[in-house]
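Listed below are the structures to be examined.
Below, chain A partners chain B and then partners chain C, in two separate complexes.
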Partner chain A sequence: MYRMIIKRLIMLIPVLLGISFILFTIMYFTPGDAARLLLGDSASEEAVEALREQLGLNGGFFERYFDYIGNIILHGDFGISYRTRNPVFTEVFTRFHYTLRLALTAIIISSVLGVLFGILSAVRQYSIADNVITAVTLFLTSMPDFWLGMMLIIIFAVNLKVLPISGASSWECFILPGFTAAANYLANTIRMTRSSMLETIRMDYVRTARAKGVPEKKVIFGHTLKNALMPIVTLVGVNMGWQLGGTIIIEQVFGIPGIGSLMIQSIRMKDTPVVIGCIMFIAFLSSLINLATDIIYAYIDPRIRAQYVTKKAVKA
Partner chain B sequence: MMAKSKNIAVSPNEETHEVKRRGQIAQIWFRFRKNKMAFAGLIIFGLLVLVAATAPLYLNFERDVIQQNIMDRFQGPSAEHIFGTDQFGRDIFKRVLWGARVSMSVGIGVVVVSLGGGAILGSISGYFGGMLDNVIMRICDMFLAIPGTLLAIALVSAFGNSIPNLMLALGISTMPKMSRIVRSSVLTLKNQEFIEAARSCGTSNARIIIRHILPNAIGPIIVEGTLSVARSIISVASMSFIGLGIQPPNPEWGAMLSEAKTQMINYPYLVYAPGISIVLTVMSLTLIGDGLRDALDPKMKN
Partner chain C sequence: MKKFKKFVASALAAVMVLGLAACGGGGGTSETQAGSGGTAETETTANEILTQETAAAADTSDGTAVDSGAAKESAKDSIIMGYTAEPNNINPGADSKTNAQMVVAMFHDGLVGKAPEDQSVIVPSISDTWEFSEDGTELTMHIRDDIKFHDGTPLTVEDVLFSLDYAVSQGLNASSASVLKSWEDVGDNNIKITLSYPYKPVLQILATPGYSIISKAFYEQCEADGTNFGMVENGTGAYTLESWTTGDRMVLKAYDDWHRGAPAIKDVEIRVCSDETSGALMVENGEIDFFIGMNNADRDRLAANENLELVDAYSAGTYIICMNLQEGPFADNLALREAVAYAINREEILLGGMNGVGSVTPGPITPGYFGYVEGFEPYPYDPEKAKEKMIEAGYPDGIDIEFKVASDSWYSLPAQVIVEQLRQVGIRCDLQIMERAPFLEETQEQLDYEMCYYITWGDFPDADPVMWGKFHSECIGQPMMNFGGVNDPEVDELLLKARTSLDDQERLDLYAELAEMNKENVWYLMVLTTYNAVVINKDIEGVTPIPAGYYNPAFYYWVEA
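Up next is the complex of A and B:
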């Protein structure tokens, strides 16, 4: 088990290096000059040249890339933002908690409602409730999230005036964005829960439980759901990872100053260190979440735990 | 989904008897047609394509779609302007109709790029295996670790803002997923006897991939392609919405929503029509894709 965790953590290093290289290449060959963008069109050629020198923008491709990577590996220094001159670390962390709050709200909404509606849909298969849920699911997956956000603003903020239109100053501000971000994942969770429950509900041990007179509630939650949980947990894990990187456009709709807004700003200003820092950070987090999901598997399913143990025993 | 239960209800005798005489494509069509939802999706999508294709016959791009008409601005929905007019006095209904052309063609363009690239990378990776496979798949993993929207944003800003570049950027950002799907279908095929037979006849690798493997792996690729067009339409709209995709005054649905964003509090009707058009298109494509999946592989039923 530990061996697996360590192996997975080591595997992360080349992936992150690869990401930094891909992004650096993209940013390097993008037209536009950070120094010129910072100083504006009216600045003199000399001033721009001086700023370029100061920010270290004059080196060749490999020279600059290895400088950048070297600093990360040797000093854990992700560079400074060209735009604000703050360390990238500070820049990312002052914004990250907004995105995290949004992602957590969304994941809670989508998991709780998704599993509940999924169970309802499976237990009453082909009933009216099931058909309505299936139709709503289809509708949710077909909607662009920013449009859903706009519609929610019109309904709840403009017409009913119960929730704020935008901003991130209080917890109420995260309700509409949370629902917006949850919509797509909610639909996926409902589908996954439904099909997983339907598969498990036909198992022999469920029939046995019913035959020996276990109350229906216990059959559903104790016997079926417990065994149907595996794919659902995976999905929640995957969703969590994607949520962190997938809220960019929703942040734009609701004016949340999260990591997505930071990235869009930075890409426009050619603020390479911030762009790479943000994306590496999110990729790192989603890989950690994937790893955590795999560990949780092992706890839920003794068969998988056994797999890790035997592998280790064979190797040793 | 709902309609599937009814497929099973057909008496087995009748079905086998009837199906046996049909060719493979006719069989697939037979199963697809029985899926009411999928068929409804096909009809809706057909109508949308018809609207998109014939738009130039009854609309003049310059006069009806682009030209500003300040006198008529912000007229709510009425008999004359079904969906009202926008802040420049342009008829939203006409713009939405023309938008179908833009959104669909760009959406399909994106999938052509990602499917083309994905088919090449995936089949090379799956067919040859070994080092090459490892390298291609690890690069795909790296791309997959970057959130799709972000990668697309970075690529668009790298390539510059134009419609072909947008298609290229979104196509590249969905290519890794496509490569994986192609690769896995190639893997299931490459050790089968008929491939071995072709190889023993001295057929070249390229010919084996193009003539023998890809045609047999086409099922899941078509399904993924259809669903991918649906997702691409949303991605294109999202990119236009944040100002990195198709630029106003071009009436792409996302670009229209982007223009409506600043006015939405006072004139919410601006938001309805473009959004509903996206939902309809994406929903019909999703239904078609799901229906095709079931029709191509009747064993896979949940």
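Up next is the complex of A and C:
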């Protein structure tokens, strides 16, 4: 198990290097000049040139890339934001907790409601409740985030005035974006829970449990759900990774100053160090979450855990 | 209904609690604390000083006696403002965005200020009196000795000289900095600024936020300890920076010892709205009191809201059609340029491209700016005449041209109307809607275009920066400057004369003559100017239209809480 964890962590290094190279290449070759964007249209060519020199934008592609990567590897320095002149690390961590709050809110909503409605849908298969839930999941899957977000704003913030339109100053601000971000994953979780439960519910051991007279609640939550949980855990893990990197549009719609907003701002200003910093950070976190999912998977399912037992341990 | 609302909020909130509890707090790390705002003692109020010195000021500037001080009694002492574009930093002269300059002006003062009621009127600020030499090339300014920075340290002549050194080194001030040749301490708290040439609007330059007076000691301290000078402030302005949560909000606190009088509004919060639509909804909903950045599409709805008021300021910019005079089909073909001039219908462009918000602009200078030519007549809209000109230009079967425009809606939408108008006279445009950065590079620096649609801009309300930049041959190839490529020695001479003249009427006549020359030669086709409207709560008073967009709550007050 430990070997697997260490191996996966080592594998992260080439992945992150690859990401940095691809992003640097894209940012380098797309048109636009960070110095000009920063100083504005009216700045003189001399001033722009001086800023270019100061920011180190005059070097060639490989010179700049290796300088950048060298600083990361040798000094752990991800550079300075062209826009604010703050260290990239400060920029990313200043914004990260907003994205984390949003992602966790969405994950909790989608997991809790998804599993509950999924179970309801499975145990009441073909009932009115099942049909309604199926229709709602279809709606949630089909609607684009930005549209759903705007609709929620119009209903709950503009008309009912019970929640704020935008911002991140209080917990209320995360309710609407949390639901918007959760919508798609909620639908997926419901469908996944439903099909997994239906598959498990027909197993012999469930029938045996019922035959033994085990109460229905215990059959559902104790026997069926526990065994149906495997694919749901994977889905939640994958969702979490997606949420951390995929809330850009939601952050924009709801004015949440998270990593997504920072990325958009930085891309517009060609702030290369921040763009690369943000995406590497998200990639790193997503990899860790995937790893954690695998570990939890092994913990839940003894068959998976057995795969990681070394030959030495088996012999002993 | 109330119960239902409570229920909805509680139900939605219940699911949230776990998530937020899991990651709680966190906000602390995101805030940048301001340089400590100290207490300062000012024995004489700004209004008293003004009364003492207005005569001197009025003699030496274009100003009339106005109230330069901060606001009256307010029914409420806080305001929440919202904008869609957050400053990159608050270092004076470093970020060209209007909002950045607006915020800088809340923290800092210039040597002179502007009257809140009329931005063209200069009023005393750090300097209380000033005097021009007879030939207009030397400006002696007296520096007040009773002003303190927010950290409590007194402002000195050394700070002023350092600030001028700093300002001219900033990219944003590059074009105006050439006016200032040197500056020195001449004793008795006076400084002498020597100008490169006589320049009547020099006080307007010194009143822009790019020329804010900063503390030398504070700047050096930031340099020494590695503090990012762009994220903190220690000015002498109306407000101090309490905290800045980037991407979210700035919190400002009134500096009660401000030399123009303690602001009536003590607490200011400036929030970042995710876009124009959100901002409009927030101001409608009462989440913010003051919104900068309204979209024209929301205008009618917001104007109809009885709780809100629109404050219209003419934009400091004029939108123009530019034809490349250096190379391509328009160079050396006046008839073809005239065909374009006759083919465009400004009213239609305003209506179709800007929702009718603004006014058509025949001349090169925005209304309200010194040099605006009253009653200037542009080419009339005459498609038949345009077709005749096409034949005269040697294109009886029409011509295909490349038309470049930046992707922002305020450029791309009017451009689409122009394309259709030109098509009707046989000018077939290949409309290229581009990202702003490559658009600027190709059209402004490389002059790699045939026709484009962009804007002229003047930081302060005088014709010189716009006219010099747009028409002088030395500005060819400089961004926002002479990207048409006008190269005429006679024009250069007139521009120099207008720039250095100390006689207002002579300057006005010269700019009118230049506008006429531009019309005759069809160098640039001025199309329209729009409003930069701000939307405010109707109970806020004291808000006057500011074309450059530097709104300052120090001059506002609430009539009702």
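To be clear about the criterion, the second predicted complex is superposed on the first by the 309 of 316 C-alpha atoms of A that agree within 3 Å, B and C clash if a C-alpha of one lies under 4 Å from a C-alpha of the other, contacts with A are read in each partner's own complex, and residues count from 1 in each chain.
Basically, contacts are C-beta pairs under 8 Å (C-beta built on N, C-alpha and C of every residue); 3 or more make two chains touch, one makes a residue touch a chain.
Nothing here was measured: the structure is a model prediction, and the numbers come from that model.
A.B. asks: Counting only touches as set out at the top, which of chain B and chain C does A:198 meet: first, second, both, neither?
C.D. replies: first
A.B. asks: Examine A:283 and indicate which partner it touches, taking first as chain B and second as chain C; both and neither are also allowed.
C.D. replies: first
A.B. asks: Quick one: is A:262 in contact with chain B, with chain C, with both, or with neither? Answer first, second, both or neither.
C.D. replies: Once the two structures are laid over each other on A, A:262 reaches chain C alone.
A.B. asks: Would you check which partner chain A:31 touches, where first means chain B only, second means chain C only, and both and neither mean what they say?
C.D. replies: A:31: touches chain B and chain C.
A.B. asks: Check the residue A:252 against both partner chains and state whether it touches chain B (first), chain C (second), both, or neither.
C.D. replies: A:252 contacts both chain B and chain C.
A.B. asks: Among the partners chain B and chain C, which is in contact with a greater number of residues of chain A?
C.D. replies: C
A.B. asks: Regarding the shared-chain residue A:71, is it in contact with chain B (first), chain C (second), both, or neither?
C.D. replies: Neither: A:71 stays clear of chain B and chain C.
A.B. asks: In the overlay, answer first, second, both or neither for which of chain B and chain C A:158 touches.
C.D. replies: After superposition on chain A, A:158 lies in contact with both partners, chain B and chain C.
A.B. asks: If you stack the two complexes on chain A, which partner ends up touching A:134: first (chain B), second (chain C), both, or neither?
C.D. replies: first
A.B. asks: Touching A:84 in the superposition: chain B (first), chain C (second), both, neither?
C.D. replies: second
A.B. asks: Taking the contacts chain A makes with chain B in one complex and with chain C in the other, which residues are shared?
C.D. replies: 31-32, 153, 158, 165, 252-253
A.B. asks: Under the stated contact criterion, what part of chain A meets chain B in this complex?
C.D. replies: 14-15, 18-19, 22-23, 26-27, 29-32, 126, 131, 134, 138-139, 141-147, 150-151, 153-154, 158, 165, 195, 198-199, 242, 244-246, 248-249, 252-253, 263-264, 267-268, 275, 279, 282-283, 286-287
A.B. asks: Under the stated contact criterion, what part of chain C meets chain A in this complex?
C.D. replies: Counting only chain C, the residues touching chain A are 5, 8-9, 12-13, 15-20, 22-23, 26-27, 29-30, 86, 88-89, 94-97, 170-172, 174-175, 228, 230-231, 245-249, 271-275, 278, 281-282, 284-285, 287, 435-438, 440-441, 444-445, 457, 459, 478-480.
A.B. asks: Quick one: in the complex, what on chain B touches chain A?
C.D. replies: 1-2, 5, 138-139, 141-143, 145-147, 149-150, 153-155, 157-158, 160, 230, 234, 237-238, 241-242, 254, 257, 260-261, 264-265, 268, 271, 274-275, 278-280, 282-283, 286-287, 302
A.B. asks: Going by the contact rule set out above, which residues of chain A touch chain C in the complex?
C.D. replies: Residue positions touching the partner: 31-33, 36-48, 50-51, 83-86, 91, 93-95, 97-98, 100-101, 104-109, 112-113, 153, 156-158, 160-169, 171-172, 174-176, 178-179, 251-255, 257-258, 261-262, 265, 269-270.
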